[in-house]
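Next, two complexes with chain A in common: one pairs it with chain B, the other with chain C.
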Partner chain A sequence: MNDLYVTCEDIISDIDFKTVRDWKDRTGGKAVGYFPVYAPAEIIHAAGMLPVGLAGAGDRLDIQHADARFGSFICSIVKTTLELGMTDHLAAFDALLFTSICDSARNLCYVMQRNFPEKYVDFLHLPHNPSSPAAAEFLASEYRRLSARLEELGGEPYDEVAVLHAIESFNENRALTRSLCDWRAERPHLMKASELYALVRAGNYLPVEQHTEMLVAAGAEFEGRAAKARDSIRVVVEGAFCEQPPIDVVRIIEQAGCYVVDDDLTIGRRWFTEDISTDGDPMMALAQAYLDKSVYSSVRHDFRKPRSQGLVEKVRNRKADAVIMLVAKFCEPAYFDYVLFKQELEKEGIPHLLIEFEEKLFTFENLRMEVETFAESLLFA
Partner chain B sequence: MVDWYQKLAESAETGTPPAASMMVSGACVELTQAFDVLPLYPEVNALQLAIRRQSLEPILAAEEFGYASDNCAYVKADIGAYFKGITPTGSPLPKPALVLCNFVGCNTYVKWFEHVSVIMEAPLYVLDVPFLRAGEPSADAIAYVVRQLKELVVKLEEITGKQLDMDKLREAVWCSSQVEEYWSKIKHLARRSPSPFDAYFDAITLMGPLYVHRATREGVAFFKQALEELELKAELDREAGVRERFRLVFEGPPPYPHFRAFRDMFAKWNACAVASTYSTVGGLWEFGARHDPDNPFESIALHMIEHNVTNRNMQQRNEQIKRYVEEWDADGVIIHFVKSCRLFSAGQGDMREYFSRTLGVPTLYVESDLADPRYFSTAQLQTRVDAYFEALEMHKSARTSAHVG
Partner chain C sequence: MRFAAGVDVGSTQTKAAIVEQNAGPVAFAIVDTGASVTRAAENAFNVACREASLQPADVGFVVGTGYGRYKIAFGNAQMTEISCHARGAHALFPNTRTVIDMGGQDSKAISVDDNGHVLDFVMNDKCAAGTGRFLANAAEVLGLGLAEFGALSAKATHPVKITTVCTVFVESDILSYLALGKKPEDIVRGVHLAIAKRTVSLARRVPLEPSVTLTGGVSRNEGMVAALEEVLGVPLQVSPQAHFAGALGAALHALDRVDASFESGVWRTAV
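Entry: the complex of A and B
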C-alpha cells in the first residue's frame, strides 16, 4: 500500500488525536469536535479553530464506563464517544458540537455537557422542514449563534470575508472529493473502496488545506494506475452514514467479489451536491445549501423528495447491480429507512443484502461468506 | 375517550369531520380544533393496543414487513395494526386528511409519520420544532414555529374549505389554558401527604382526555370535575388517616402490556408516585406555563418548543425530576428504561448516576418496554423492586433517626 494510505489509516485510527494536538501546539488555536454526520465546519474554521469530525473509537477502546450510562439498545458510537471523554481521550477538544440526527446523539450531547462542564458543548438544530420558507432564516440564526459562542470561547470575531474564504476552501475540498468518487465509480478496479474511505475520512482530522493537498496527490497517483478488472458486482453501500464500520469490513466487501461504486461512509465530507454560493451573506448561503443542495441521508429529512428515490437514483447513476445495506446495530434512523428502502429496491428489482455491524465485535468470516454468496448469486444468475 | 373513538369511526365512514394524524407531544390541537378537524393519535392507538394486550400480533406483522426488533414498538404496533386491520375498539379509524408530524424532540416521530404517509398515501406536513437548548427558546425559534403554524393554517383551510376563525382559535386556546390550570392543580394535590392519586399509574387515565379534549369546553368541564373529586378524596384520605409508605418520582413511560403487574410491584409496598415525567409528555404545566388566548400563535409555539418534556434536554429533565423530589417531597426515583424509546432512555444511566451519586437520592433503574410484551421479566423485576424498597426503608429510617438525633 502506498504511503499516503498508510498515513491516512494511521490518522483515522488514532484515538489520541495526535494530528489535532500537533495543530494546537503549532498554532495555539482551539479544536472543536463534532459528532457525525454534518456540521458547518466552515464557521469553525473561520473562527480560527480546527473542526474535527469525531467517529467513535472503533475497536481501540474497551468500554469500562459508558455502558453503565447508556445501557442496552444504544449504538456503539454513542458509547465509545462517551468512553473517549471519560478516559480523557477528548482532552484536546475545547468544544463539542452535536446536531439533530437522532435521539441517542442528542441525549449524548447533554450527558457530555453534564460530565464535562469545562468544555463548551452545544447542539445545533438542523431543520426537518426544508419546505418552509422560514427554515433558511432559522438555520442561519443557529449558525450565527454558534459563531457568537465560538467567539466567546476565544475564537476570531465574526468576519464575513473569513467565512466566505472558508466556504471556498471547503468547496474546493468537496469538489475534489466528489471527483474522486466519480473517478472511482468509473474505474473501481483501480481504486479500492478502503483507500478512498481512509483518504476521505482523514479529512476529519486535518486542516482543510492540508487535506486538499492530499486529495490532489491522491488524484495524481490514481491517474497513473493500471490493472485488469475482475469479475465483480457493482454495489452501492448504504447505511453507515454515522457510526463507521471497521475498515476491514470495507475490505472484505471488496475481496468477497464487490466493487463499491458509491457509499455513504463519512458522508458529511461530501454533504453538498454542488459548491456553496460565495455571494452575499455566508450564513444564509450555508443554510440554504443545507436545505437545497445536500445529499439525501437517513438523518436529514426533506419530505419534498423521498430518500428511497435518492437511493434508487444513486444506484442508476452509478450503474450499480445491487445495494449492500450496511447498518450500525441499534441505529434507529437506519433501521427505519431500511423499511422504505427495501420496498423501493424490491419494486425496482434491485437486489440488496442487509449487514449489521458494530464498531467492535465483528465476525469477519461470516461476513465474507455472506457477501461472497450474495455476489456469486448475482454474477452467476 | 369513547366519544372520541365514536367520532373517529364516523369520520372513517363519512369523511367528516376530517381527521389529522398528530403526535401527542406538543400537539397543536388548538389549531385543529379551530377548524373542527379531529385529532388522530397513532401513539394512543399503540398504547391502547398494548394495554389491551393486543400489540404483539401487529408488532410481529411490522417486523415481517421489514422493521427491526429494535425499532420503537409503538410504531410497529400502529403500522402493523393498520396492515392487519386491527383497531383498539374494533371500530374503524379514518384515513387522515393530513399527516401532521409535529416534530417535538422525538426523531422517531418524523420517521413514523413519513411511513404513515407513504403507507396510507396521505399528505404529510412536518412542523419542525427546534429543540430547547437554553432555558428559554430564542426569538428565532419562536418565529420559525409561528411561521410554520401559519403555513399549516393554509393546509387546514384547504382541507376543510373554511377560513380560519380567529375567535374560534382564541376560544380553543382559552379552553386549553383552563384545562392546564386544573391539571396543574391536580398535579399539585400530589404534594400533599397522602397524595390523593398516583401521579404515574393513575395520571395515565387523565392523559388521554388531555390530548383529545384539551381545547374544548367538554375538556374544561371534565378537568374541573376531576379536580373537585380529587380534592374531596384528599380531604377524606386525610381524615381517615390514610398513609402512603413511600413517595416516588417516576421517569420514563410505563410497560403498558404488563401495566397491572408492574403497578402491583409498587402497590405491594404501599408506594405512591407523587410525580412523573411521562405525564408531562403532552405538556409541562405544573411549573406555571399556560396557553394564552391573547397570543394564540405564539403561545401554541411556546407550548411546542418549551412546555413538554420531549422537547427539553436531558439536563432540563434532570432538573425537573430534582424539583419533584424536593418540592413533592419524594423518597426516591424510579427510572424505567424503555428499550423502544431512545428519547427517554438513551443516557438514563447517567441520570441514575446524577441522582444516586451526585444528589444521594435512592434510585432504581429497571428495563422493559412500553408496547412489546416480550421484554418484561416479572420475577427479575420483582426481585429488583423488592430489594430497592428494602434498602429505601433503611435509608428512610436512617434519615429519620439522623433527623431526630
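Entry: the complex of A and C
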C-alpha cells in the first residue's frame, strides 16, 4: 500500500490524537472536537482553532466506564466517545461540540458537560424545518453564538474576512473530495473504497490546508494507476454516516465481489453538493448552504425532497447495481430510514442488502458470507 | 470435460459431490473436517473421485464452499454455502422456494427462485440456537448420542417447555426437568420444539413460501424434522442427500463453468 494511505490509516485509528497535539504544540492554538455528522468547521478554523471530527474509538478502547452510564441499547460511538473522555484521551480538546443528530448524541452532549466541566461543551441547534423562512436566520444566529463563545474561549475575534477565507479553504477541500469520489465512481477498480475512506476521513484530524495537499497528491497518484477490472457488482454503501465501521468491513465489501461506487462514510467531509458562496455575510452563507446545498442525510430533515429519492438518484447517477445498507447496531436514524429506503428501492427494482456492524468487530466471516452471497446472487442470476 | 465437483468444508464435516454433464450427481463423499481444513477437502474430493472411478484430473472445475472455502488448495473458485445450498436444494427438489439449512455452527433461511438462485437470505446472529452445536450440547447433558437423541423425540407424550434457546443456559433447564423427574423423551421433544420455533422465526424474515426444503447436517435428526414440520404446519422436503446439498450446489455451479471461459478469482479477492 502506498505510504499516503498507511499514514491516513494511522491517523484515523489514533485515539491519542497525535496530529491534534502536534498542531497545538506548533501553533499554541486550541482544538475543538465535534461529534458527527456535520459541524461548521469554517467558524472554528476562522477563530484560529483546529476543528477535529470525532468518530469514537473504533476497536482501540475497552469500555469500562461508559457502560455504567448508558443503557445497553446505545450505539458504540456514543459510548466510546464518552470512554475516550473518561480515559483522558480527549485531553487535547478545549471544546466539544454536538448537534441534533439523534437522541443519544443529544444526551451525550450533556453527559459530557457534567463529566468535563473544565471544557467548553456546547450543543448547536441545526434547524429541523428548512422550509421555514426563519430557518436561515435562526441557524446564522446559532453560528454567531458559537463564534462568540469561541472568542470567549480565547479564539480570534469574529472577522468576516477570516470566515470567508475559511469557507474558501473548505470549499477547495470539499471540491477535491467530490472530484475524487466522481473519479472513483468512474474507475472503482483503480481506487479502493478503503483507500478513499481513509484518505477522506484523515481530514477530520488535520488542518484543512494540510489535508487539501494530501488530496491533491492522492489525485495525481490515482491518475497514474492501471489495473484490470474484476467482474464485480457496483454498489452504493449507505447508512454509516455517523458511527464508522472497522476499515476491514469496507475492505471485505470489496473483496467479496463489490465495487463501492459511492458511500456516505464520514459524509460530513463532503456535506455540501457545491461550493458555499463567498459573497456577503459568511454566517448567512453557511446557514443558507446548510439548508439548500447539503447532501440528503438521515440526520437532516428536509420535507422538500424525500431522502429515499436522494438514495435512488445516487444509485442511478453512479450506475450502481445495488445498495448495501451498512448500519451501526442501535443507530436509530439509520434504522428508521431503512424502512423508507427499502420500500423505495423495492419499488424501483434495486436490489439491497442490510448488514449491521459495531465499532468493535474482530471476526468478519458472517459479514463476508452475506456480502459474497449478495454479489453471487446478482452476478450469477 | 464432462465432470465438475463441489467441496463443502463445514465446521464438523466436509462433503464432496461430483456431477456429470447431462447426467446429474455421480458420487458423494463425506469425511470429518478435523484440524486441517485443507486436508479434509482433499480427502473428501479424492474419496468422491474414487467413488466415481475418476482421476482428479478428469474433473474440469471445482467450486469450494462452506466456511473453509478459501482454504481449499485445488479449488478453481469459491462460492458461499448460501448460494450452494440454494442450488443444491433446488436440484434435489425443483419445487423448492425456501431452504432451511441447519448446520453445525449456524442456520440459514434462503428464499430461492424457480432456478435455484438466491432471492433473499437470513442467518442466525452470534448465537448457537438452531444449530447442530446446540443439539449436540443438549444431547450431551442427557447422556445421549446424536442419533439416539433424534429418535427419542418421537416417543414423547408430554413435551416440556424449554424457556431458553441459549446453548449455555439450556443445560440448567434440562437439569431442572431431570430433577423434577421428567422423562428424557419429553425433554428431548421440548428441546426440538424450542429450536424449531426459533428457526421458523428466523425463516419468516425471508418470504417463507412452500415448498420448504431442509438441508444441512441437522436434517438427519428425525426429531428436529418432526418438530419443524409441527411448527411450520407444512411438510418439509428432506432428501437422503440433504447434508450434501451444499456440495451438490457447488458442483452444479462448477458445471456451469466447465465449458465457460472463466478466469479464476476475477470476481473477488481470495483471502
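As a working rule, the second predicted complex is superposed on the first by the 378 of 381 C-alpha atoms of A that agree within 3 Å, B and C clash if a C-alpha of one lies under 4 Å from a C-alpha of the other, contacts with A are read in each partner's own complex, and residues count from 1 in each chain.
Keep in mind that, in the parts below, a contact is a pair of C-beta atoms (placed from the backbone, for glycine too) under 8 Å apart; a residue touches a chain by one contact, two chains touch by 3 or more.
Treat the numbers as computed from the prediction; the structure is a model and nothing was measured.
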For the three-chain model obtained by superposing on chain A, do chain B and chain C clash or fit?
fit
With both complexes superposed on chain A, which partner does A:S72 reach: first (chain B), second (chain C), both or neither?
first
First, second, both or neither for A:A198, with chain B first and chain C second:
neither
Between chain B (first) and chain C (second), which, if any, makes contact with A:R145: first, second, both or neither?
first
In the superposed arrangement, which partner chain does A:F303 touch: chain B (first), chain C (second), both, or neither?
first
Determine, under the contact definition given at the top, whether A:R114 touches first (chain B), second (chain C), both, or neither.
first
Once chain A of both complexes is superposed, is A:S377 in touch with chain B (first), chain C (second), both, or neither?
second
Chain B or chain C, by number of chain A residues touched
B
Quick check: superposed on A, how many Å separate the nearest Cα atoms of chain B and chain C?
8
Which residues of chain A touch chain B in their complex?
67-74, 78, 100-104, 106-111, 113-115, 122-123, 125, 127-129, 131-135, 137-138, 141-142, 145, 301, 303, 306, 330, 332-333, 335-340, 342-343
Residue numbers of chain A touching chain C in their complex, please.
230-232, 254-257, 365-366, 368-370, 372-373, 375-377, 379-381
Can you list the residues on chain C that touch chain A in the complex?
67, 79-83, 106, 117-119, 121, 123, 125, 253, 256, 266-269, 271
Of all residues in chain B, those that touch chain A in their complex
65-68, 70-72, 75, 103, 105-108, 110-112, 114-115, 117-118, 124-128, 130-131, 133, 138, 140-141, 143-144, 147-148, 151, 313-315, 318, 337, 339, 342-343, 345-350, 353-354, 367
